[in-house]
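The following pair of complexes shares a single chain, subunit A, combined with subunit B in the former and subunit C in the latter.
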Partner chain A sequence: MRKRRELLTALIFVSPWIVGLLLFQVYPFFKSFYYSLTDFNPIKRPELIGFKNYSWILQDKLFWKSLWNTIFFVLIGVPLDQTVALSLAVGLHGLRKSRLMRSLRGIYFFPILVPEVVMSLVWMLMLNSEFGIVNQFLEKLGFNPPAWFLSTLWAKPMIVFLRLFFVGTAMVIYLSALNEVPKEIIEASVIDGASPTRRFWKITIPMISPVILFNLIMDTIGTFQIFTEPYVITKGGPARSTYTLTMFVYTNAFEHLDMGYASAAAWLTFSMIFISTLAILYAASKKVYYGGER
Partner chain B sequence: MRRIFLIIVLSLVLVIFAKSTVEIWVSWTADEFKPIKELVDKFNASQDKYEAKVLSVSDLAAKFTTALAAGNPPDLLHANDQYISPVVAMGAFMPVDNLGVDFGMFKDFVMNAVRYKGHVYGLPIKVNIFGLWWKKGVFKKAGLDPDKGPQTLDELVEYSKKLTIYNEKGELVRWGFDPLVPDWNWPYVWVFHFGGHLIDPKTGLPTIDSPQAIRAFRWVKNYVDSFGMEKAKKFRGGYGPYWSANNIFLTDKLAMFYDGDWVTYAARRYAPGVELGFTPLPSVDGKRRCYSEVDIFAIPVGAKNVEGAKAFLRFLARPENLIVLSKGQISPLKEEYTPSWFFTERKYAKMLENEMKKCQIVFCPKFPLWHLYIDEIKNAADEIQNGTESVEEALETAERNIMRRLRK
Partner chain C sequence: MEVKDNMRKIVLALVALVFLFPFYWMVVVSLGNPEDFMKVPIRYLPSKLNLRNYLDAVNYIPFLRYFLNTLYISLMVTFGGTLSSSFVAYGFSKIKWPGRDLLFLITLGTMMLPPAVTIIPLYMEFRKFGWIGSFKPLWVPAFFGSAWAIFMLRQFYMNIPNELIDSAKVDGANHFMIWYKIILPSSKAPLAVVALFQFVYSWKNFFGPLIFLRDQSMYTLSLGLAFFQSRHGGTEWHLLMAAATLTTIPTLLVFILASRYLIEGIRLTSGIK
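What follows is the complex of A and B.
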């Protein structure tokens, strides 16, 4: 009886969150699947058309182009983000708990506090071909830098670089994981004569592997949903070279007012995220060390 | 008991005599928002039945779509004539033929822009005309007649070459004319100036791969190539935002600029005292054509206070009110209905009024998939500019894509 009352009290306390989850996440999630099977605009009643939206999307060249662009961001951006975040964390960890370490940690984390739109605008100004600080610097070194965001070759990599400003969260998570690596193991390996590089690859990395996996999955999911940076900076251009899956969904829903088509695209995006996450989990299953358990 | 009775009576009185709200959504902000706010205040003071509330809404199209889907649209929406066909095709605007406004006082071409399938879908509030603008001082310095712009495409190239300045590295410092400014919304106008149509008048189908369109975009590409595509790209990368002191035209980066007449408003703000010249963008066949757009107020289907919205539109349609919203240089009203102060206060109004009489006014076509069509044209222009596709390939792809969506 007491347990039941406790459960009820707990449920009452978490109910605002549960109601929010059901109303704003679970319900729209399933409803959007229903919409993906319909011909539907904001005024018209949804009309069931089966899987036609999916079939049309798979024949839409723009969908494939946006998929390729998104995959580029995931394949190039995610490993780069994680490498930079981990490198920064290792560097900061090496400084122990000094004042310098605290200051640098604050500096690296600071861009996270700035809205992505603002960071995108700052990045645009920095890379402006006429008065941007980056181009002026490169010109002084004797290079002839291009107009980055008007070049189909450079626009995507420049957005990948912008996302490096947002590695602060991953860096902090890595830093706390590094602090949790047992000192005894490190000391034992030092006594055994292991070099710092060997210690890093054979002890540190396996010990923090669950955190690497977590950051990898979160970054992959986030990058599959990349929208703000290309939308603010290039609007998907030039020649749709930065047009991503979420822009495809957004444009079809709110500009072309084709909610059924957009819902189907959203579900395909979700499927890709789901499959990628499963693939990462499967690939990592034998590599991640969970403190004695697999 | 007596107290409760009193409260009920008081509430009833309040409900009966309360003003019903008219919610108005506009995309204007800051300085541009002031005139409509003043008119709304004037409307509220002029009667006791309705209380109009105007909201400046960013990303208006997306928010309107969401509100529409939720069954909670505003009572009045500020939109552009480009929206009419896609939104009416969706069944989202009410016709306002019986508004009780004399539509005869509007210019004929303005009314054509707001009419779709025989019905009027909004009250025209503002009209813009597009053409080639230049700063007279820049022309003078280059030894050109400051009162006369290029009249043919060959002259446009010749003027542009005379006005272009390079630095010691051979890079562009000032470009005579840029036919495709990045983030620019009107690449399709070139088709009109090469005598083509975006929609076949007979079939109602897209014709972006027509010989005229191919010729138009080939001309644009050849023009840019004559200055060097890479040089042009680098130069374009330095363009500042339009509504800023870094405006590309007002900072002399571009000597001639294809734009709407709102450029006069930007000039007043960022380069006061500057003298501007205007001519229609030259056409291949020598005909004078001017592209135009009309802003409207429309009543969305599902609006809660249709009568209030109509009352506000009737109030707005009075010439002395309507003209306040014409921040540019063109009055949507016929000359005889436009208050005389408009022509004395707006420096370029008379000149543009006369130009319009000599011009064939063209509008974007009434096409239900217009936004998708613009996207495809913009992308084709991008592909051509980047050399990733030939003119023919890019336009054929655009045509194929839009036809595929049309068949859907």
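What follows is the complex of A and C.
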């Protein structure tokens, strides 16, 4: 009797979330798979057409282009993000708990709070090929700089570059992981005469490996959905060189109003994210150290 | 050792300058004459402070309007999201019931779900509710809780000693009273962290407003800035940067007041191993 009352109370507590979960996550998730099997737009009722959307997409050159661009952002961007985040964290960790450390940490963290649109606009201005400060500076030094966001070669790398300003969250997570590495282990290795480099690779990295895994997965999931920066800065150009999967979904759904087709693309995006996450987990399963648990 | 330590400081300081430069440049351009930054040689400081830009920017895009729109949405999300997530987190931490851990696992799983997958059915769903073109799609879902906020608060509530709750029960309090009278007052700090994050993410949001808002007078700041840029072929950068600076100021306030708590909050969330 008491147990049942407890269960009832608990269900009342979690009921907003259960309703929200069903309305805004579970139902849309399955519904979008259903949509992906239909031909439909906001004024036309969905009409089942089987897997035709998928087979059309696989012949759509623009889809392959957006897939390749997105994979570029993930393969180049994620390792770079994580390297920078971890390097900054290691650097800050070496400063101990000083005032300087806190100020620098604040500066690296600050861009996280700034709207992506603002950051995109500022970099658009700074990297403008005619009057941008970066090119004026480079020209003064005697270089012949490219047109950055107007160049099919440079637009993608520059978006990767500006996203490096958003490594603050990952950096904070690394920093706290570094603080939790037991001092005794480090001291023991110093006595054993291990060099700092060796200590870093053989002790620090394995000790913080769960956190590396966590950041890698979060960054991969986030980067697969990259949208705002290319949408604001390049509209996917030049020559579609920054056109991403989420832009493909958005354009088909809300500009061409081809919502069945867009849903199929959305599900392919989801599959990519899912498979990548599993792949990372699998690759990590032998390397990540969980401090003797499990 | 000394030399190495100084090298480290120099490198970190240089990186910090790189991180600060875009914001420095945003403010400098926003205060200058348009000609200052459009021609060679470059000026690193405006020729004279041109505060008029700010007045012009505020009129050029309906800044105040966008500001109030964004503020309204962000405050609703912050209030609804924090309150409901706290309520739900109590059910996930302080009452034992079958299925709790499974549902919690599913909750964590939803954090992996890309918005691109759910956005089309959500759009159709909100259309049926008659919400498209209103602010509702942007704030109503927050009142049902958010996965990471529930996760964070649950972590915290788990650490509140159960004796506190048991003794309240002996005194005749039920769970709702305990949540309201004991848990809420004793978790002000984590609630503040959750509230701040909800505010910042709602303030920054671009994808949601882009999809759900129709009428230009209902745009948020992020959306308004992006359209301001694309609509006017020859962008008036000094005005755009003035508007961008104004957009960043509330974030800067949050940062100055609470960056330590935000950083602490991120530290807590990463506690999953």
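As a working rule, the second predicted complex is superposed on the first by the 287 of 294 C-alpha atoms of A that agree within 3 Å, B and C clash if a C-alpha of one lies under 4 Å from a C-alpha of the other, contacts with A are read in each partner's own complex, and residues count from 1 in each chain.
Assume a contact is a pair of C-beta atoms (placed from the backbone, for glycine too) under 8 Å apart; a residue touches a chain by one contact, two chains touch by 3 or more.
Small disclaimer: the values here were computed from a predicted structure and weren't measured.
J.: Would you sort A:259 into first (subunit B), second (subunit C), both or neither based on which partner it touches?
T.: The answer is both, since A:259 touches subunit B and subunit C.
J.: Using the superposition on chain A described above, determine whether A:51 touches subunit B (first), subunit C (second), both, or neither.
T.: neither
J.: Thinking of the overlay built on chain A, is A:42 touched by subunit B (first), by subunit C (second), by both, or by neither?
T.: both
J.: Residues of subunit A touched by subunit B versus by subunit C: which partner has the larger set?
T.: Result: the larger residue contact count on subunit A belongs to C.
J.: With the two complexes superposed on chain A, say which partner A:150 touches: subunit B (first), subunit C (second), both, or neither.
T.: So A:150 only meets subunit B here.
J.: Mind working out whether A:64 is in touch with subunit B, subunit C, both or neither, as first, second, both or neither?
T.: neither
J.: Using the touch definition from the top, say if A:94 reaches subunit B (first), subunit C (second), both or neither.
T.: So A:94 only meets subunit C here.
J.: For A:200, using the defined touch cut-off, is the partner it touches subunit B, subunit C, both, or neither? Pick first, second, both or neither.
T.: Neither subunit B nor subunit C is touched by A:200.
J.: Going by the contact definition given at the top, which residues of subunit A touch subunit B in one complex and subunit C in the other?
T.: Touching subunit B and subunit C on subunit A: residues 42, 130-131, 235, 253-254, 259.
J.: Along subunit B, where are the residues that touch subunit A in the complex?
T.: Against subunit A, the touching part of subunit B is residues 61-62, 65-66, 68-69, 86, 90-92, 182-183, 230, 233-238, 301, 369, 371-372, 375, 378-379, 382-383, 385-386, 388, 397, 401, 404, 408.
J.: Which part of subunit A faces subunit C closely enough to touch in the complex?
T.: Of all residues in subunit A, those touching subunit C are 6-7, 9-14, 16-21, 23-25, 27-29, 31-32, 35, 42, 88, 91-92, 94-95, 100, 104-126, 130-131, 133, 136-137, 139-140, 165, 169, 172-173, 176-177, 210-211, 214, 221, 224-225, 227-228, 231-232, 235, 245-246, 249-250, 253-254, 259, 262-263, 266-267, 269-270, 273-274, 277, 290-291, 293.
J.: Which of the residues in subunit C end up touching subunit A in this complex?
T.: My answer: residues 5, 8-9, 11-13, 15-16, 19-20, 22-23, 25-26, 29, 37-42, 84, 87-88, 90-92, 95-98, 100, 103, 106-107, 110, 112-125, 127, 141, 143-145, 150, 174-176, 179, 200, 203-204, 206-207, 211, 221-223, 225-226, 229-230, 237, 240-241, 244, 247-248, 251-252, 254-255, 259, 262-263, 266-267, 270, 272-273.
J.: Considering the complex alone, what residue numbers of subunit A touch subunit B?
T.: Those in contact with subunit B are residues 41-44, 56, 59-62, 128-131, 146-152, 235, 237-240, 251, 253-257, 259, 261.
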